[in-house]
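The structures considered in this document are given below.
Both of the next two complexes hold chain A, though its partner changes from chain B to chain C.
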Partner chain A sequence: MSRAAGDIGPAPVTRWIIGALVGAIFAIPLVSTLLYTLQDADGALTLDHWISLFSAANPSVIKPLTAGLGNSLVLAVVTVVIVIVLLAPTMILVNLRFPGMKAAFEFIALLPISIPAIVVVVGLTPIYLQIGRTLGTGAWTLAFAYGVTVLPFAYRSIQASIDAVDLRTLTEASRSLGANWATVFITVLVPNLRSGLLAASLISIAVVLGEFTIASLLNRQVLQTALVVVGKIDPYASAIFTLLALTFCFLLLLALGFAARGRSRKVRS
Partner chain B sequence: MTDAPLNLPPTGDNLLLADAGTGTRVDLVDVVKDYGSTRVLHGLDLRIRPGEFVSLLGPSGCGKTTALRVLAGLEDASGGSVLMDGVDVSAVPVNKRDIGMVFQAYSLFPHLRVRENTAYGLRRRKVARAEALQRAQDALELVGLGGFADRYPHQLSGGQQQRVALARALVTAPRVLLLDEPLSALDAKVRVQLRDEIRRLQLRLGITTVFVTHDQEEALAVSDRIAVMNAGRIEQIGTPEELYSAPATAFTAAFVGLSSIVSAVAEGARARVWGRELTLLEPASGDVELFLRPEHLSLVPSGSGDAQGIVQESTFLGSIRRTLVRTDAGELVRVQHDAALRPEFGESVGVRLSDHPVTSRPLTPA
Partner chain C sequence: MTSTAVPNGTLPVGSGLRAPGRRVRRSSLAGLGLAPFLVYVALFLVAPTIIAIGSGLFAKDGSFTLASFAALGDPVILATFWNSTWLSLLTAVVGALVGALVCYALLGLSPTGFVRTTVDAACGVLAQFGGVMLAFAMIATIGIQGVLTRFLRDALGIDIFADGAWIYALPGLIPAYLYFQVPLMVITFMPAVAALRASWAEANLTLGGTRAGFWLHVGLPVLAPSFLASALLLFANAFSSYATAAALASQGSQIVPLQIRTALTSETLLGRENLAGVLAFGMIVVIGVVMCAYALVQRRAARWQR
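What follows is the complex of A and B.
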């Protein structure tokens, strides 16, 4: 972290102060929630709420939570599959074969970020009526909607790693050396887009685990809806699970940061 | 240290050299290529002999790279066919055409070491890993990079990367080697060095090679024959000597080598210029423009020679000097002469024509 001559931006000390201030502001609700779960009715510190939750004494609290968490994890997996199997190859195709469509594709991919979830649900309701008739009403079907929700984030991650390599030349080199399309994909594209695909997957998981509006309005039980339900029965359990979920997402984002760093190290040459 | 001249190992020790064959005959027959409503190749005919080094030379946008990509199978032709040893391969996809290609952009796989990069084509041909890596090592020795097998591409210089790309293209002993401006990203010194090494290696391996370039000096230096391309057509194809000394068209005369343009009056195979008569390479009549090579003009004392003029500039080029003269008729001509002669700016001089046959084109209304 040596400071280069042409370095722009605040000095290291200033950076640390800014970082600490921002961190403190973000930490206030989290620490408050943590303290809340560690207090009994009189305000004394206690581990009772944590212990009672994990001793499973209260099935009316644990059951919706485990069911919601289970559904959310399944949704995360299906959404990642959609991103990797559908979005990534489409983007590669657009970049290689139809570069003229790049701008239109980017616009469509980024569109979901500007449409409120509540509006999306209005459009999704009749579609899910049809999905319910053909594929059933299993919670996993929400992944189709989530595939749209994560589109902007996944798109940016993958596009960044596509832009970092000369995709066309690498593909043509591979083809000229005798590789068919499947081999090009496995031996050249996936290894070189690895960090982008990883980042897209992690951010998709984070978005899916944090999604509430669509699931609630379409009457599916996921982690976030379960937290609300449980919150009404046992506010302590709800707070504890919120903390755990946030910690998990935080760790995911850290992993994402490392994935991105791996990419930038490779690009420098 | 790293771009040291190439020392070819003895043939017996190197699988690639031991396998050197006689080369493949390659024919482009009446190849047409359209992009939408734009025709970029107008019925291209090109017959390449086995083991021949042919350059496609032309300005950017002339269709030379498209022609190469059609030959490679990276683009489908809109019409016509590509033949290898007489067999139509037009419908064969690029990965089955058995070609080796070096690209203008750096094309090494960033996630693979140099050795694995080089072995990539062999692995796609189901050669066992150990043997593929051994042959890759042989190919790297050929391009003088045997000691760099464990590096990653980003640890190499541009010239080294293109050498590895060359080794990677040659290691499978392809039927034809395609070079798409492989030197244009390199600095001048490395460019000349690698250019000469490519030629030496090509002669040694006897591989049919097509080289796309916009640099006429590069094409003249290494080619058996050069096809000069302009606006989707081959203007002229011939040996470097033929193209330089007897350009068939005005475009070739202007593009290959340096020419000065002067106006003249043509009558059959003769043209009158500056009170002299010169032989035309192609008969013409009426007002024409002639292409004069700088070495066919000489500088003489003012008052003598075929035309009088004023020195505009003089450039020192080592053993020779090139001087730009504005004649009394207002034409600018470049004269090549001994470096010992040092004309001053604004000096009055005479210019003398030699008797070499010249190329002409009808006078274009200004």
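What follows is the complex of A and C.
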């Protein structure tokens, strides 16, 4: 539903002046970071920093980064599993069987926005001591904490797609045609909610790749903590990985945005 | 048990045909399905929060005490809370104003158009996933060896560090925080701006009003609660933000989250026990007050967003 707000919108000149001004200011740090990685000590342009980073000539720099990235990717996968296997079915259940609890569930799901990660981590320390004793100190265990961090983001994506389909009718129709709950879930509900599940997964990946607070204070090695460690030895390597990670997250969100755009077009036509 | 929001053109099938007894039993069985998630949230959200807040309330031997809270009266801690407050307030106000200006510039563009989609994605990255990486971008730009620093020094003869390396201290957090506050404002305030109705502007013009009159008497009053709500959210966001500050201000603990880091990593800061818990409690109180105000203002704002 596009609104013809031409009457209240700014004149094209105003629009472009504001856009160009703010856009330019916000581009400065990113362009500077790129230039920073492309300059040698005298300020001449060079690709040395990029080449030396990826030529593995400097294991003290690349090793923590690849280890951190590896851990972050494992965490991203486990967090997505938590979202898909734990959060999504619960949300479907609440929407189908306990619609009266929807408001309470939303409150819980959005709660992590109001509780700073730095506060949660104070209380997570003793809990992770216990987890370390029972499940070991593998990098993946941090995903339990990350599942809560991504909760508000994942909740919004999944709820949006639940609201867009009529779960009740779909379920009742499949049930009266003789499908059992597992069949309903896998062959009817998941395909109908795939856009929300995909969005929730991609956002969760972006959040996990960017998370620093909890990992750092629980002494875990992830991409962001590796960036800080490496930044003290070789600031160029951190700058390069910063650019790559920000670009990756931007492309993830852009893909999400354009996917949603394609869908809403289809619905409208 | 009928759904209150059945979309048009669908038929409610089958519901209500089952025997009541069966429904009750099935219901309790379905209730069991909620258990895993609730246990998970209890373990990893509720428990840590309670432990964090509660750890300030109990002495080492487990007895209840308020003694730890004396730390909140410590001049160092008070100064940290004050630093956090003015930093959050400043970046929330500036971020809200600049963000609102961007929202105005985006007004009238299709929400699914190329520009809005791209701006949304860019804002999402900067506002929600930047953290440590924004600190590195700042160091590469206005650090001692930053590109902009060198350009200003070599080309224009301006030394931005004439008064010392402020980028690694409290003032350095201001540009870094604005770098995620403005995008967050765009994300949170844009829906309210986009909900302004063209019909209101038409009505205003039909009744002989002017464009400026529309903004003065209709646009701004309608948007004011949403603006305030978004600004409160920005304040809470800055107040609880840790990653950017931790990567930028590697020494010292000028703001509350950094003070918590110090309290967690060194046992006897200021010779006080449970300092991390007490600080966490203080943070929760501040954020709690701000979020309650947010909820109240948001309720007022929601009147116009239907």
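Heads up, the rule we're going with is that the second predicted complex is superposed on the first by the 235 of 269 C-alpha atoms of A that agree within 3 Å, B and C clash if a C-alpha of one lies under 4 Å from a C-alpha of the other, contacts with A are read in each partner's own complex, and residues count from 1 in each chain.
In this text, a residue touches a chain if its C-beta (ideal position, glycine included) is under 8 Å from a C-beta of that chain, and two chains touch if they have at least 3 such contacts.
Source: prediction; values computed, not measured.
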Original post:
First (chain B), second (chain C), both or neither: which does A:Thr183 touch?
Top reply: first
Subject >> chain B versus chain C as contact partner of A:Leu47, first or second or both or neither >> reply: neither
Original post:
Who does A:Ile233 touch here: chain B (first), chain C (second), both, or neither?
Top reply: neither
Subject >> Partner chain(s) touched by A:Phe250 [first = chain B, second = chain C, both, neither] >> reply: second
Original post:
First (chain B), second (chain C), both or neither: which does A:Arg175 touch?
Top reply: both
Original post:
So, A:Ala24: does it touch chain B (first), chain C (second), both, or neither?
Top reply: neither
Original post:
More residues of chain A are touched by which chain, chain B or chain C?
Top reply: C
Original post:
Taking the superposition as given, does A:Asn192 touch the first partner, chain B, the second, chain C, both, or neither?
Top reply: first
Original post:
Which partner does A:Ile115 contact after superposing on A: first (chain B), second (chain C), both, neither?
Top reply: second
Subject >> Touching partner for A:Asp166 - first (chain B), second (chain C), both, neither >> reply: both
**OP:** Could you tell me which stretches of chain A are touched by chain B in one complex and by chain C in the other?
**Re:** 166, 169, 172-173, 175-176
**OP:** Report the residues of chain C in contact with chain A in the complex, numbered from low to high.
**Re:** 3-4, 6-7, 10-15, 27, 30-31, 33-34, 36-37, 40-41, 43-45, 47-53, 55, 98, 101-102, 104-112, 117-118, 120-122, 124-126, 128-134, 136-141, 145-148, 150, 154, 179, 182-183, 194, 196-198, 200-202, 205, 214-215, 219, 236, 239-243, 246-247, 257, 260-261, 264, 276-277, 280, 283-284, 287-288, 291
Original post:
Can you name the residues of chain A that touch chain C in the complex?
Top reply: 2-10, 14-15, 18-19, 22, 26, 28-30, 32-33, 35-37, 39, 43, 82, 86-87, 89-90, 93-94, 97-99, 108, 111-112, 114-127, 144-145, 147-148, 151, 153, 166, 168-169, 172-173, 175-176, 206-207, 209-213, 216-217, 224, 227-228, 231, 235, 238-239, 242, 245-246, 249-250, 253-254, 256-258, 260-261, 264-265
**OP:** Quick one: which bits of chain A touch chain B in the complex? Just the residue numbers, please.
**Re:** 165-166, 169-170, 172-180, 183, 187-188, 191-192, 266, 268-269
**OP:** Can you check the complex and tell me which residues of chain B touch chain A?
**Re:** 72, 74, 93-96, 98-101, 103, 105-111, 120-121, 124-125, 153-155, 165, 168-169, 172, 178
